[in-house]
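Each of the next two complexes has chain A plus one more chain, namely chain B in the first and chain C in the second.
Let's turn to the complex of A and B:
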């Protein structure tokens, strides 16, 4: 099947890009280390320390920020775009072309974060939910899938990696800001807190805290359903807007 | 002879620019057709439509009996496209490139191995098959670009300026490869700006301008229409005294252009008007420095048909 062949090729192309590998492996650890250290004095040492807190936040931030960029790179990065152009000439359905980029980047980030979360939990000793860490990982995976679809959608809309990457940073930063991942926004008033509910990052942050600190899974299915619905919307836009001639 | 490609009244516009304008032509199976035209003539748009990645506004395209509108996948299987830009992955070996793209056409196993080997052999990259294209010269990359297009043995190969920016050896190898492909039964559309390439390999030439065909036929047939045309290029010390009417009254002069100290006259070779031309020059106080004459060639015919104005 061409879809699997192309997705495999796309995955190998991603693995040839050191910037993407670093962004999805080392960078989240650096962010955890730096922000954990900087905010150390704001936390006690017994129940939750700064590294536990920033560990969860920075992993969510990394998925929200870097995954969409990973997909846009797989889609339209200059070096791979040339080869992708020839795929457009081959007997391949246009949806296979889009989905292969999404699936390959999803597989890539699943591997990266599938290693990162247990690494943080068991090697660095951060609290990723203990026995519940798989649920947190599942949540990150679904957020990652949404990020892949979101990145692909921006490529289909703006038809260039550069434009897609620079413009999609705006909604991504809004999502991250409203998600209170970097700065806590609960003091900014009721209106801001209400608006914050539109941010998928906020859903994931809230659900993650419940899983990790309250051992409570009741939000999990709702958040996953919400993220999948948004992903489906992005896929719909991709299906409507993607034209193979954009590669040519 | 069966028609490999039949294009009828094709139109494609980008906003207010008509890239392809009522284009009609056909290509017979097994022939090499040279597609010529200045920049912006509509060649690449036509190629993109033929390769099914671009939708025309109107008109019909039949490829090996398949209708463009409802048989895109079948058509794609019959085509091998060599785009102007290199459509290869630089980070994987030449062989892996050819193998991957050929596999998209349903090839697998020993058949895939054999055809990948043959494609690399045709373009002369067998020795370097394990190397990554990022370490290749421009000519080798161009040859690999061709190998990726021919490994699945397409019936029709469409090449868009495949020899841009390469050394004469690579160019010669590519032209020889194309002849070999034709002898294996492939139909080739070859778009280029190099007239000598078309003269060497094409059975027939289509000249496009402003999105439509302005001439077609064999090189001989096209040049025959201009067989009595001769182009004189005169270099003089000054042209300040000359004006638009200076040469207009001389019999047999079809066109003339004054460009700095050069005068280009397109004349009927039967008119025997050289004495009149020299007489006119001297009467306007011009001293002749040098002179050349050129009989109708594909290049002069092309320039005559499409004009000498620079295109973007």
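Let's turn to the complex of A and C:
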């Protein structure tokens, strides 16, 4: 019961933060528009056009980048910190504190992207897999959950929102770069391709392309399992390192 | 001010994560960027579906390989094959690709005549034409902007922790505090980055496209802008500094053509591109790489410096008026 109360409160806190709402709704659309327009001349119009391509890529990019930042904001923002300190005194298990931030930001982003993907498919007419868009959405959701756990992990390690945010962005950018979301890197040689396989973004990108363009779901379960395993690992680190008494 | 500066360096020593970021991760990424923007390991592939594979055309921009079955669309999207060519019953070549009409025509010409049209430039050729150095500095631009804000994070932290209020109630001046922060960010942003570039050049023999002296000046201009931007954004915003920074920097860097060169006939969009300070910077860098001198780019230099100054002034004014009202 306590848990639901805290999670609900956290969700309301997120909803009171316009920057978080904008970056999970309007910003992906702006990115799709800008990059789609900019790369228009590199794409033909028969198979897929630049907006289709960038639509998929930019949704993955924003889930990979902004979701983790959303969680660290929900976790450690100045306004939330005081409330957290009080919860720390209350008879609430410390792990419930971490979980409530993760769950609340996950609920928030799954609503945001749950609206965004059908919006792109049916209103903007981008190719999100047609009837298969649910599978793509599921994949984004799992990636989003991993992002939440990843963000929470960095908060537990660095214990300060500014530091967690600024440092977290570097591994996230590396994941995104290796995932070929902004620039395709598959021709940089065998070594880079091998290193790229460690990036969860790369798994999601490959799987989404198969779902959307080949109507082929066989990678879906593996990728979801992989992401959940990584999320579990992040949760483990949270559990080990999170100490509410250092939370000042 | 001297005390503030020493205090910053003392405090940064406590923050191991930031040190690791500034001294190890950032330079590593830059070396990585330099090493990989210089060259692609392989050419773009064109798959040829057909039996007569003896006389496949060769050219500088593509490599033609025989394939036995049509690749999946997802493989084309991933870029495994830039195009697939097959022959229909009457002997005409059919090109299947995600690329534009111009590319399709060029590839058709390649198969019918054995060579690409003379004026055709694929993606790689366009990148090369833009210059290695410009590609490298374009990538670094975004890293520097994000990193500048990360290194200034002690200043918003001081405000959050209330240390700023305590400092301001003593007889120290605001300008002293801010100059210390500026100098600190400048030094810890500039020195590791420049050293990383020098190391990449000397140890890995990477091709920079510039002499080390020129990089020193170009990087300093970029650093000054990043520092001004960092101080501006940290002063104006109370919260979500990291989030806003990454959103703003990604979009402006794309619009300024830091990753891929842009041009548009649309007047409104051209105006948008031109407003971006990174665009002026990219023009400057491109010009210098191809033998121009700094004197040829007075307009661009003036714009970058003026904008940096403006950001700085706005940031300082905001924080000054807040301090005088007692809102720290």
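Everything that follows uses one rule, which is that the second predicted complex is superposed on the first by the 247 of 248 C-alpha atoms of A that agree within 3 Å, B and C clash if a C-alpha of one lies under 4 Å from a C-alpha of the other, contacts with A are read in each partner's own complex, and residues count from 1 in each chain.
To be clear about the criterion, a residue touches a chain if its C-beta (ideal position, glycine included) is under 8 Å from a C-beta of that chain, and two chains touch if they have at least 3 such contacts.
Quantities reported herein were computed from a predicted structural model and do not represent experimental measurements.
Visitor: Determine, for the superposed arrangement built on chain A, whether chain B and chain C clash or fit.
Guide: On the superposed model, which is not a single observed complex, chain B and chain C fit side by side.
Visitor: Just checking: does A:117 make contact with chain B only, chain C only, both, or neither of them? Give me first, second, both or neither.
Guide: So A:117 meets neither chain B nor chain C here.
Visitor: Which of the two partners, first being chain B and second being chain C, lies in contact with A:78: first, second, both, or neither?
Guide: second
Visitor: Go through the superposed model and pick first if A:32 touches only chain B, second if only chain C, both, or neither.
Guide: In the superposition, A:32 contacts neither chain B nor chain C.
Visitor: Give one of first, second, both or neither to describe whether A:90 is in contact with chain B, with chain C, with both, or with none.
Guide: It touches chain B, and chain C stays clear.
Visitor: Now for A:216: first (chain B), second (chain C), both, or neither, which partner does it touch?
Guide: In the superposition, A:216 contacts chain C only.
Visitor: Of the two partner chains, chain B (first) and chain C (second), which one does A:12 touch, if any: first, second, both, or neither?
Guide: first
Visitor: More chain A residues touched by chain B or by chain C?
Guide: C
Visitor: Could you tell me if A:109 is touching chain B, chain C, both of them or neither one (first, second, both, neither)?
Guide: It touches nothing on chain B or chain C.
Visitor: Give the angle at the C-alpha centre of chain A formed by the C-alpha centres of chain B and chain C in the superposed arrangement, rounded to the nearest 10 degrees.
Guide: With chain A as the vertex, the angle is 100 degrees.
Visitor: Could you look at A:2 and tell me whether it touches chain B, chain C, both or neither (first, second, both, neither)?
Guide: first
Visitor: Please state the minimum Cα-Cα separation between chain B and chain C in the superposed model, rounded to the nearest whole Å.
Guide: So the smallest C-alpha gap separating chain B from chain C comes to 10 Å.
Visitor: For chain A, what residues appear in both contact lists, the one with chain B and the one with chain C?
Guide: Correct list for chain A: 79.
Visitor: Going by the contact rule at the top, pick out the chain B residues touching chain A in the complex.
Guide: Per the stated touch rule, the residues are 48, 51, 53-55, 73, 76-77, 79, 81, 83, 85-92, 97, 100-101, 103-106, 148-149.
Visitor: Looking at the complex, which residues from chain A come into contact with chain C?
Guide: It comes out as residues 17, 19-20, 23, 27, 30-31, 34-35, 37-39, 41-44, 47-48, 53, 65-66, 69-70, 73, 77-79, 157-158, 160-163, 165-167, 169-170, 173-174, 180, 182-190, 192, 205-206, 209-210, 212-214, 216.
Visitor: Note which residues of chain A are touching chain B in the complex, please.
Guide: For this pair, the touching residues of chain A are 2, 5-6, 9, 12-13, 16, 79-80, 82-83, 85-92, 244-245, 247-248.
Visitor: Write out the stretch or stretches of chain C touching chain A in their complex.
Guide: 15, 17-18, 21, 25-26, 29, 36, 40-44, 72-74, 76-80, 96-101, 103-104, 123, 146, 149-150, 153, 156-157, 160, 239-244, 246-247, 250-251, 254-255, 259-260, 262, 269
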